[in-house]
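In what follows, chain A forms one complex with chain B and a second complex with chain C.
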Partner chain A sequence: MSSQEYNTVKLKKRTGGKVRIGKEIRAWALLIPSVVLFFLLVWRPTVLGTVWSFFKMDAYTPREFCGFDNYIRVLTHTQFLPTLWNTVQYVLWSLVLGYLPPVIIAVMINEMVHFNNGFRSVIYLPAIIPGIAAMLIWYYIYYPDQTGLLNMLLMKMGMEPYMWLNDPKFAIVGIIIYSTWKGFPGTMILYLAALQSVSSELYEAALLDGAGIWKRAWNVTRPQIEGVMLLNFVNQIIGVFQIMEQPLAMTGGGPNGASVSLSYQLYQYGFNSGGKGTGQAMALGVIIFAILLVMTIFYFRLNKRVESRY
Partner chain B sequence: MKLTKGFKIIALAAAASFMVGSFAGCSSKDNTLTEDGKTQIFVGGWPKNEGTDKDNWAARQARFEEANPEFKIVPDYWSFDLKSFYSKAAGGQLPTIYGTNFTEVSQIIAAGYSADITDQLKKDGLYDKFNPDVLKLVSSEDGRVYAFPFATYALGMGFNVDMMEAAGLMEADGTPKQPKDWNEVAEFAVKIKEATGKPGIVLPTANNNGGWIFTPIAWSFGVDFMEQDKDGKWKATFDSPEAVEALQFVKDLKWKYDVLPANSIIDGTEYYKVFGTGGAGMLISAGDMPAKLTQYGMKPDQIGMMAMPKGPKKHVTLTGGSVTVVSNKANEKQIEGALKWTEVLYKPTVSDDMKASSIEGMNLKLERGELVGVKSMSIWNTDTEAVKFTNDLIESKANINMNHVKLYNDFIADMGDCELRPEEPVCAQELYSILDGCIQEILINKDADCAKILKKACNDFQVNYLDNLDY
Partner chain C sequence: MKRFENKSTTLLSSAEMKTFKGQFVYWLFFAVLVAVAVVSVFPAIWTLFTAFKETEEIYGAFTFLPKNMSPSNLWRRIAESWMQLQLGRSFIETLILSLGNWVFAVVVNGLAGFVLSKIKPKGSRLVFVLIVWTMMMPGQIRMVPNYMAMLNFPFASQKSVMPGVSLLDTFWPMWLSQGVSAFNVILFKNAFDGLSQSYVEAAQIDGCSNIGIFFKIMFPLAMPTIIFVSIGALSGAWADFFGPLLYFDNLETTPLKIYRLKSDSSVHMNNQFMAYIFACIPQLIIYLIFQKRIVGGVNIGGVKG
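== the complex of A and B ==
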């Protein structure tokens, strides 16, 4: 390239850049509030939290660099492994109890001929009840004396009241039942949208080929919503892995630590340690972040695969 | 899409104002002077809602500013809570002065967020008038004072008057029968359950409240939770027969006497709710209990208090209380003003301002339907004019049969052989949390082995907390 050509290209680029900046200034003006919010509420705390996890902390003031001390303290805490196992149990129970109901209900609603809209609205009600209020409702549903709703039913049937959330074997299951009730409407709507985008011609063709209800569900419906199901599977694992508010409000992590999750433990380090555990809270945050990062990468790969289908 | 010029200006202005607004929150409270040169005192815990309480604070502000024209009181609606405290403190956003409890103050002092008020207390002539044991709880090891204690309490037993009456545990004049030891507490609880069908007693078990209430029970069984060796290292020592005996007592309340509620996860809120809604006949509590029961509709005359029972080894109870803390960001003049503001209400001598504020406070309690009749322990080292005035005021405004609280008032006025102990010296909250777990375990598992549970708890406390004390 001669120097004259080079200068021409450079000039064009420069002029083009100015034009682009001029055009983009409006977009930037609209973006800045979100960027500022992201910076203040997400990026800055994430980076600071990671950096400070390597410091001895006086509450929220870093004192001195301590390498991996906070991590060692978190990982050697006698309750770390039981808490990690509790968290895995939350995830497993949420998949067992909470993964299929939204799909099943979405299929049901999709198949309904009458009262489709009304039923959909009623089903969606749990999602619009404020979280703490919903948790309190379930707290009293599970209340372990004769005033608890479930125990009232048991007693009507001539049975003894049960401990419900006071039973260490049931505490996590009980919380997951609540979480499923609260969270399934949102997921169900996603499935319903996917189901409604399935062409009716495919079903008609399957009918002509003599496919029964199960064959149609397996060979027509399933491939169409498989992508969403896959995404929700990973999404649910990521979401439930961070469970905190539910054990905090419903069991206080009890009985005897049976429902403490990693995020709940992080909350305890951060807010109930008199400012002495903030370093450990940040270290545990990074550990959870690392675990979830693996799942998020998996999620994005799946997402890409799913998006390429549509 | 083509944007109009007006829209562009609005978008840019909105973005700019948003940025300014976002960063404005990051500034610290360094506006110590008003334009006319007055020192500003930001006072935390100011009532948010319109009503008598807020009016009383405003009246107190007006009187203070008139008497002290060099100071300007600025209401701050933040009230102390652990969840927001440390982030506010780190951001320099604490009010100049705010109230909290003894339980939290040691952590605040350790984190360096409270101002040293020793010199100002000396200037104000108060330093030597405090009860030295009380002052020690808010002082560093070198004797510097970091908070102003304004109320102290001792744990005693609260009871539901109607349920005690039904169980035949009240004298004709309204004085309760006093359970002398924990065995008698169990007997009382059984009688209440037999008479009313309701649990005879409730104990907290969660959110550190279980451990907090269990410690004085355990002390009375002779338990030492920790000891410091010659090198200054702390060792957990509650893997002991005494601790097993104390935990077994709680276990017996559940499985032998069957006098506890069915719910075994009871935090501080649930604790007072169970009692306040008639769900239990007795509880262990401090003298500030009545204020926590009003919201559940419990009438003042249904509430009573008596002394803490003895244990097999000693008679002991836990002391605590409330303090005001001056922010570490306060300058000397602000410390002076903040303490003056506190001293209006809490001074050994009586002033017109103190009288007016105390009467307003008492009237507010009556207006809210809160019990008036329980007396407080003195923070001063001698009987003072202020204590006498307050106690006389309580008696003149009492809205209950004073015999319902006579045994508690007598108990705190003269503790006799009862030892008054502060919380455990280090990692008290962590200890409570671990004890919560022990209590929950024995309440949900009839076959739980107290010795085994305590052995593990003791080891957890040592490994997770005491071994990391210097960290």
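== the complex of A and C ==
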């Protein structure tokens, strides 16, 4: 019997049922604001978004049921498969470029006896700059003429300027380089916290056994941060799969749709189609939801298992 | 070197620091970190220099450093940009947004966490399960329906029986969204779970109301979590640009303002960059004040939740 139950039983014995009902009501009164907001902004829209994805929409008013029309339009659009592939490319590049650096940098900072705090503060800077300012700064870093930082440096070294984000092959990589720069401090802090909870006795024991640096890194450090690493791996896939603001602010989806992601496409359907695409936007929302559902369930299973280990 | 002798044993031990190999690995790490630090700050430094350049320099000279770096000239550039950018109004509006965000994040989420953790009325378990579930769902599915709800609040469709109110171009859509942070609710619940039930029982016997228990007893005890949530809510307003992009028209927070500047050809690059610097200042202040909490607060906000 939990202390809560015990408490209620005690009260019930003392004062009878009426007081108990009043108590329940008073408790719910404090929970109601939250429940109402969750209902209005999360639960109802999730259901309605699914229902209306089967409706013909007139701007922001649902008209009549139209079956799978919206889905067929989204899926048969010539740009759907390229957009899906772009989104997968975002995820793959983010794993290639952005997954390991936070771990490695955290391990290194954890070793420092010089400027330990200095490094932390300086390296954290990208995380402090508001996202949109950082995106636009990088938009100018990649600017295709000499006013851009990279081309200015290239020209100084006597090379030809490059088009950077205007090159369809580079646009996604460029955005991911920005996102890695912007996001790694936050992830690094997580790893640092995990590293600091590794007991030094483990390292000392490994030292006594004569394990070298790499052996210790692999056999002592790795098992201790593996859980966080796994979580971040799934988290990153889910997060980057939903990338939207970066193409919106940095490339506008261009050049020629080369950096359009699924979420950005949804935004275009929903808010930049003169009200013609709202139905498709919701259908695409359900499609993204379905793709991510599997990943997300997996993530929460994992989260539980990892947490129970700490 | 003395520092090495006191080094706690992590991957490298202090004994190892006396060997060549240990020293080599250590200084290699050091060099890599210096490089990472340079990459981290380089864009910011370039932003500073560009902001202080004259317009002709930007489109003609293509140098890294501005020509005239005398203090009086730097000050003149700041004043000139401030006059042209007219950021004053957007700063005030962002401040209002951030304060509302803060109230909603702390009070609504905090109350939910408190009731779910300590009072647990009948049926609250179901609410908690639903909240955790929705945390798993990607937000895209709700983007358009939410917009429709704000257009005709609180009904979702304009075909509803009663006419609703449009919340577009008010702070409400953003404020209300702060009240539905599943992450914050779970943070608060975890924090209150860590506090003894006897605080609540003792106060109840003394005749203290639930809301009194929340504000007078639970709040002070959950300070680290409250500060952590507050930092997120306050700084979020200075960083969020997508929400305002959807819901604001005449209202303009600084992130929205600088996004709109990008397509304003009358504002030259140096002034735009000055706007980025202005937009960073509030975040920088929050970071400097709460630096320890942000870096140390990870144990609350990081893996758990």
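The working rule: the second predicted complex is superposed on the first by the 277 of 310 C-alpha atoms of A that agree within 3 Å, B and C clash if a C-alpha of one lies under 4 Å from a C-alpha of the other, contacts with A are read in each partner's own complex, and residues count from 1 in each chain.
FYI, a residue touches a chain if its C-beta (ideal position, glycine included) is under 8 Å from a C-beta of that chain, and two chains touch if they have at least 3 such contacts.
Keep in mind that what you see is a predicted model, and the values were worked out from it rather than measured.
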First (chain B), second (chain C), both or neither touched by A:107: second
What is the contact status of A:193 with respect to chain B (first) and chain C (second): first, second, both, or neither? second
With both complexes overlaid on chain A, does A:168 touch chain B (first), chain C (second), both or neither? first
According to the stated criteria, A:119 is in contact with first (chain B), second (chain C), both, or neither; which is it? second
Using the touch definition from the top, say if A:252 reaches chain B (first), chain C (second), both or neither. first
According to the stated criteria, A:144 is in contact with first (chain B), second (chain C), both, or neither; which is it? first
Quick check for you: in the superposed arrangement, does A:272 touch first (chain B), second (chain C), both or neither? first
Please indicate which partner A:228 is in contact with in the superposed arrangement: first for chain B, second for chain C, both, or neither. second
Does the superposition put A:132 against chain B (first), chain C (second), both, or neither? second
Please name the chain, chain B or chain C, that touches the greater number of residues in chain A. C
Intersection of the chain A residues that touch chain B with those that touch chain C: 26, 29-30, 33, 37, 40, 60-61, 146, 271, 278
How about chain C: which of its residues touch chain A in the complex? 3-4, 6-13, 15-16, 21-22, 25-26, 29-30, 32-33, 36-37, 39-41, 43-44, 46-47, 50, 58-59, 62, 64, 108-109, 111-112, 114-116, 119-124, 127, 130-131, 134, 136-149, 151, 154, 156-159, 176-177, 179-180, 185, 197-198, 201, 209-211, 214, 238-239, 241-242, 246, 254-255, 258-259, 262, 269, 272-273, 275-276, 279-280, 283-284, 287, 291, 294-295, 298-299, 302-304
Of all residues in chain A, which touch chain B in the complex? 26, 29-30, 32-33, 36-37, 40, 56, 58-61, 69, 73, 76-79, 143-146, 161, 163, 165-168, 251-252, 254-257, 268, 271-276, 278
Which chain A residues qualify as touching chain C in the complex? 3-4, 7, 23-24, 26-31, 33-35, 37-38, 40-46, 48-50, 52, 60-62, 101, 105, 107-114, 119-126, 128-134, 136-141, 146-147, 149, 152, 155, 181, 185, 189-190, 192-195, 198, 200, 203-204, 207, 213, 216-217, 220-221, 227-228, 231, 238, 242, 244-245, 248-249, 262-263, 266-267, 270-271, 278, 281-282, 284-286, 288-289, 292-293, 296-297, 299-300, 306-307, 310
Which residues of chain B touch chain A in their complex? 3, 8, 11-12, 14-15, 18-19, 22, 82-83, 86-87, 89-91, 104, 106-107, 110-113, 205-208, 261-265, 267, 429-430, 433, 436-438, 440-441, 443-444, 459-460, 463-464, 468, 471
